[in-house]
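First chain A sits with chain B, and in the next complex the same chain sits with chain C.
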Partner chain A sequence: MLEDFIRSVFQGVPVGAVYALIALGFTLTYKTAGVFNLAFGAQAFVAAAVHWELHVHNGWNVAVSAAIAVLVVSPALGVALDFVLFRHLRAASSGARLVTTIGLLVAIPNITKLVLRFTRHPSTGGARGLFSGPDVVYRPFGDAYPITRDELVQLGVVVVAGLALGAMFRFTHLGLRMRAVVESPRLAELGGVNSARVGSFAWALSSAFAGLAGVLIAPTYQNVDAANFFELVIAGIAAAAFGSLVSLPRAFAGALGLGVASTYLATVLPTNSVLARGLKPSLPFVVLFVWVVIAPGLRGQRDVADPLSGVAPPPPASAADERSRSLTIATRGFWSVVGVIVAWAVFFAINDFWLKRIQVLLAVGVIFLSITVMTGIAGQISLCQAAFAAIGAFATTQLAVEQGMSVLVGMLLGGLVSALVGGLLAMPLVRIGGVWLALATLGFALFFHSVIAQLAVVNGGVSKPRTPRPLIGSIDFAADRAFIVLELVVFAIAATIVVLVRGGTTGRFLAALRGSEVAAASIGIGQWRSRVTAFALSAGLAGLGGGLLASAQQSVNYDVSFSPQVGLFFVVVVVTLGSRSIEGALQAAFGFVLFQPLILERALPWVINHIQPFLHVNAISGLFRDILFGLGALTFAKHPEGILEFQKRRSLNRIQRSIDRRKQQPTEAGSTP
Partner chain B sequence: MRNRLAAGIVVSSLVVAACGNSGEEAKPTSAPTGAPTAPGETTTTADLSTNNPVDETGVSDTEIKFTSIATIQNNVLGTDIGNAFNDGIDAYFEYRNSEGGIWGRDLVLAKKRDDQLGLNQQEAQAMVAEDDSFGAFVATLQFTGADDLNDAGVPTFGWNIHPQFAGRNSLYGHLGALCFGCVGKATPHLARTIGATKVGVLGYGVENSAKCVDGLVASFEQYGADAGAEVVFSDNTLAFGLSGGVAPQVSTMKEAGVDMVAACMDLNGMKTLAEELDKQGMGDVVMTHPNTYSQTFVAENAALFEGDIVVPQFVPFEYAASGDLRDAFFQYTDDDRSELTMIGWIAADIAYSGLRSAGPDFDRAKVIAALNATTDYSAGGLVVPIDWTKQHNDPTGDESVRSSHECFSPVRVADGKFVPYEATSDAPFLCFDRESAGLDEPVATSFVPEG
Partner chain C sequence: MSLLTAAGVSKSFAGIRALDDVGIEVAVGELVGLIGPNGAGKTTFFNCLLGMLRPDEGTVSFDGHDLSRIPTHRRAKLGIGRTFQRIELFGGMSVREHLLVAERAHRGEGRLWKDIVGRGRVTAAERERADAVLDRLGLLADAERPIESLSLGRGRLVEIGRALMTDPRLLLLDEPSSGLDHQETEELSAVLRAVNLDEGVAILLVEHDVAMVRALVSRVFVLDFGTLIASGPTETVFADAGVRRAYLGAES
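Up next, the complex of A and B:
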């Protein structure tokens, strides 16, 4: 037993060193920039990709390519992010900044792939280690405890970097200034600190650290892939959470502890067991979730010092509520005509491909309504909506196929199961709120992905069952157009529920809580009940949408439709286009489902090919969809109502002013003598 | 508000309580099997120029068009899948067209769709809706569009790494329906040939890989005594890609005295495992690989894989086996040919043989019917013969639909190159007697058609 543990320490410390690199970098970003940077892994990926391109692909000297990646590209990226984004977000809420980083997480890797024309290669192309890779082995403690040169380098870099960072914060003016700028840039400026310059330096430093992590960690995996870094970042965050995101020594210790624990579990858990299969890959996510829930230091922690940023002004009324009666009539008339044309196209004109896309669109629309409830109404960021949708999809399929139940009943029960899971999950989380709630939900999503979704009893085993289409009396919804009618009914019911909740007591309580929890509490509004209700309703809608999607696609395509990465993209798309309204959810579903096949693959190439004779375009890469929506999420802090709602308000104001001017002109003309 | 919601749910429940599911009475969808046309019986080479009018999707007087759906972007393995697969099809069509095509028409791979890993069903649906291709070729990492292609009766040919190929009668993999977890003789025999006595078996926690591990363990339980080897350690719970490392497992194997490792992992995972074995002083342990048939990969990691055994799913290039189709493959493909190039070539040959067997008045249904009546398709000896009258079905737990052949064609790594192992160029497959209860000695066999 003791021997197992000692061996686990030796084998786990190198794993922990990898986590520590991320944890230290993450803590550094939080301490120096005040940003909970989920895009840290994306920044690491950029450096790894640059290093790979220069060193492996183009044969540059390893030291030169690593130096360029870590000391030039990464700091430049950090400065650019600060200059373009984060210096403008210092007074923004932590949630807004978190959404910004999620947008970057989606956009940066895809931009990198596009710019570098970067594609994955098998391990022959992996970014090799800086010092001759893993084949140099030392055995200072005997044959039982070997360690490679790569692992030693990683460990050395982590220790040196941790000490240097600690010294910088403790003993240098620069460290003090960086912390001061994070606390309050305006106060720091009163003390003669150039907060812009210090902020930029902080971003350059943290980004260089991300780059260092990327270059050092890349050889751990056999190919350079942003997804690898994403999962590592979660493990790193779990470690950083041990230090409440501010203590470097505790983050370091947490990372090593996590590495040793995961290795020890791999040693002692019975092999081939469900427990081992579930716990080994999910340990960092479980630790993150549990730590966020139980750690007293994280409860009620305010991650933004600016007092005003804790108070969100009430959200503006929607543009539709503010327009004049005549404009409302005109708008409704216009959309009625559009609706008739779309209905005609759906039921009489378009082919099976587009019918299937519209089926997916409507089902995804129901899922996106769950984000409307969670983010648009409750003002919280949940990153596990795709997991809730998956619960609904799996439950619907299993109930229909294994239990012989009506698939419609299965959908409803699937939604209820999701709501139940959501409610239970919310109970310990709602008091935490903010970014910690987002992180805990991400931990849950990854746990669901690693453990629950892999169980044969959940996913149906190797030969996945087909999800049936509903049958009501003599109405068979196997036909695509009939199923669309059913989906429209379900969407209308779900939308009505959302509208009723938003306008009801729960919605008003949530709006008050969103404005100021302290003020809401002072007038007797408790957050627990309202937020648990919102969470459960949101999960239920996601589950219902998931069941609908499974029936639309006639299977549960988990990896494609419900994985954690897809869930992040859900949030990005909805907050970009509009998280506060029903039409926002529908527009987001349109963007998610149709933007690529309709706009990128058909409409834009058609336009490009018809306006000029020189360049022929077949289809525009799907990378652009992810990039555009990722960048779109960056506007969340400025336009939390979403880009389309913002543009709609602007357009309606312009039209209203034009109408008002025209009304005014005859009057003025008439009054002229 | 609460009452209204509750009422709504009750009403909905009443409505759906009387509901069923569409298609419950109907048979599972599958393409028609039709009346069999014995392959090769109705036609001769001279007949192939017969150009009868055919009213079928993707067929004109001069061409028969196909579409491929392959993973090119976002390939998590990092290997070249889509382009190599398409190259194999193009090369095969070029070869056949140089001989005059079939039924007076050229074979054309008209569209090459990239499913970008996540858009397989979408691309399959688009292909079906556009209705301009006779058949489809598929080499993807996800196969979510399997039912869409099968329901539409599109003859589909491809890289069979998916359980979705089973139970769908218009889908033809380069192998028959896979069996995840079947007991087999090949790996125990390999242990016997290298003199291994203690075997470790490793795989990922994902379902297919885990079941593969279970199958290997069961194989040694059944044939281990004959082979003189036993499984002393197995783990089917590893994280995909071995992101957390594999050090504890290797330590346990070292303590158990493992001298051979059989793994159910991709080539990247095998490299990580090899590095850890090397690190812990087990570099000499022989590994058997299911997915590492890549000349460049093995050349660049020569030391790590020295002495290992790789089992491709077709006759490896290194066997100088005879056969027209093999010769043509080398003639019509570039030097950078790979495993997927060969898979594309074989898939195209299945399509060709279906067209040929269907006769000059072919259509999709006739091609499917003709192929489904075929009992010994072997791509000119490149693969173990497939009996399509039964091998559309998952053989797990149903021996009656398993192949009547149990053969494999191994190679060994020596100095960064693959070299033939045990079998010979004239007889590149090692075949066991399916009737023998014990671990019999395999017989070197060739499936190249005579004449």
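Up next, the complex of A and C:
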């Protein structure tokens, strides 16, 4: 037992040391800039990818390549992010800043892949150790406790980096000023510290820490893949949360503890059980979730870190509110014509490929309505909507295949199960709110991913059961077109529910809570009940959509459709295009499903090839979709209602104004003699 | 009969004793003032009464109920309404919507299934009630306007209207006249007097405008540095030398 533990210490401390780098870097930007930087993993990925490209692919010297990645590329990236983005977001709400970092998390790895042409290398990276050649194993404490050279290097580098950071804080002028900013940005500002310069430096430093962690940890992964770095960052954030996001030493200790604990856990749990395999990687997520729920110190933090968080700009009235009658009729007419053309195309013109896409689109549309409820109505950012959808998809499949239930009933029950899970999850979380809620939901999504989704009772085991199509009485929805009709009905019902809730008691209570929690309480609106209801409804819709998606694709494509990364992308797409309306959800579904095959792979190349003869374009990489939407999320801080919604309102207002002007002209001419 | 009773309420913030053993009583249908210089602890006291802050010591009871274990939003349902010194409105809503949501909150009809079957929408009766209150406050012309377009003074009136929609038996008003001009202050006083007379709503008024306090309330409590330094009939208290030193001296 003791021996196991000591061995865990030996193995866990190097891992924990890498977590510590993340925790330190993350805390640094959180405290100096108030940014909850989820893109930290992307920054780590950039450094790892650059290092891999130079060192492994091009054979550069390890030290030179690592130095370029960690000391040049990473700090430059950090400074650029500060300069271009975060400096301007100081007055934005914490939610807006969070969405910005999620957008970056999606965009940066894809830009990196594009720039480094990572997609061209079939296998990128691989478990090859920090240095070329086999790793060396030392046994200074006997055979029971081996240490590898890589582990020693990891540990050594982290200790040096940690000491350097400590020394900088203690002894250098810049470090002292930075510490002043970390302790109290406003006070430091009053004392004449140029917090913009200090901020840039903090970003550079923090980014360098991300890069260092990325380069050190990359060799332990199968691939230099952004998803791994993302999970690494969550572990780092869990450690940082241990220090309540204020104390660097406590964050450091938390990171080491986490490294040791997850290693130890793996040795005491029965080997090869799903629990052991799943719990080891997911321990940080569980710790993060539990810690966010129980730690009292985290709650008051919102106000401390975001002095302006309470003054989020009020949501502007949606476009539909301001139109005149004739304009309303005109837009309705336009959309009816579009609808008829699309319907004609669906039923008479298009082939199987597009039919499949449209089935996916409608199911995804239902899932996206869940984000309309969560973010557009309740004003919360949840990062586990894909997990809720997965619950619905798995439940539908299991109920239909194992219990022989009607698929439609299975979908409804799947939605109910998901709603139940969502409601239970929300109960401890809604009081915390804001970024912490987002973080806890992310913890849940990752836990679901690495433990729940791996259980055979959930996913149906290796046989991968097929999800059937519904059969109601004698009507069989197995044919694609019939299924599309069914999907349209489900979508319409879901959309109606969303509209009714938005205009009903629940929606208005939530709007009041979003406007002012204290004022809502003063008239008798309790946040707990309203928000738990919203969570459950949203999870239920996601579950229903998930079931529909599984039935559309006739299987649960977990990795493609429901993984935590996909869930992040869901949020990014919906908030970018418009989370406040049904149209927004539909447009987001279009963007998610059809943008790549229709616009990037066909329409755009066709246009390009027609307007110029020199360059022949076949298809534009799908990476651009992710990059575009990732960068699109950066507009959220400015247009929280979504860019399409914003554009629509602007152009409609313009038309409205010109109508008004034309109407006014005669009367004005009459009144001035 | 006593409606609100606070006894021995104390509250400290990181060493600052914001309230020290404060006790007051408000009778049913009474108009009472609570005055004191800036930083005396008046807003903190309101927050303790409503549970937005938990007092370190002391008890608050309303209409015979001990409030210490009752969360803020349920205290509102018992019949305590309030307005805020730093105005708290619901961004994105129109003026009328503020009142409608308060009306719905008061009736407690927050069932999801009702929304889903289409019974959550605003009813004609609710609208009528909201418009009656808006009319009384002189806000009817602004009913459709988005709240962001209102002046601070009108915003304060909306807060009062929102509180009135919950049929309060006691209104806690935190400096309702700040941001209002002389004319508006007069009108506000008239409205408050009418609300008090017609519906028997008790009012606890925090106010720096001495003229308004003198004109409206029959009794005042005076807070200074977190302690109650005087209380009693308005004119007696304003004649008190200590009160003049602590409060009026500081003001003028």
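Convention: the second predicted complex is superposed on the first by the 588 of 673 C-alpha atoms of A that agree within 3 Å, B and C clash if a C-alpha of one lies under 4 Å from a C-alpha of the other, contacts with A are read in each partner's own complex, and residues count from 1 in each chain.
Going forward, contacts are C-beta pairs under 8 Å (C-beta built on N, C-alpha and C of every residue); 3 or more make two chains touch, one makes a residue touch a chain.
Values in this document were obtained by computation on a predicted structure and should not be read as measured data.
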| item | value |
| --- | --- |
| Chain B versus chain C as contact partner of A:Ser8, first or second or both or neither | first |
| First (chain B), second (chain C), both or neither touched by A:Val181 | neither |
| Contacts of A:Asn223 with chain B and chain C, given as first, second, both or neither | first |
| First, second, both or neither for A:Ala66, with chain B first and chain C second | neither |
| Chain B versus chain C as contact partner of A:Asp476, first or second or both or neither | first |
| Partner chain in contact with A:Val409 - chain B first, chain C second, else both or neither | first |
| Per-residue contact with chain A, leading partner among chain C and chain B | B |
| Chain B versus chain C as contact partner of A:Gln554, first or second or both or neither | first |
| Which superposed partner A:Leu500 touches (first chain B, second chain C, both, neither) | both |
| Shared contact residues on chain A - chain B and chain C | 497, 500-501, 504-505 |
| Residues of chain A touching chain B in the complex | 7-8, 11, 14-15, 119-125, 134-135, 137, 143-144, 146, 148, 220-223, 225, 227-228, 231-232, 262-263, 266-267, 271-273, 276-277, 280-281, 351-354, 356-357, 400, 406-409, 412, 454, 456, 459, 461-464, 466, 468-473, 476-478, 493, 497, 500-501, 504-505, 553-555, 557, 559-560, 596-597, 621-623 |
| Contacting residues of chain A [partner chain C, same complex] | 312-317, 497, 500-501, 503-509, 511-512, 514-516, 518-527, 529-530, 533, 537 |
| In the complex, chain B residues that touch chain A | 1, 4-5, 8-9, 12-13, 15-24, 73, 75-79, 116, 118-122, 125-126, 128-130, 142, 144, 147, 163-164, 166-167, 180, 205-208, 210-211, 213-214, 233-239, 241, 243-245, 247-249, 251-252, 267-269, 271-272, 275, 278-281, 294, 296-297, 300-301, 303, 394, 396 |
| Touching residues on chain C, where the partner in the complex is chain A | 50, 52, 71-74, 76-77, 81-82, 84, 88-93, 97, 100-102, 104-106, 108-112, 114-121, 146-148, 159, 162-163, 165-166 |
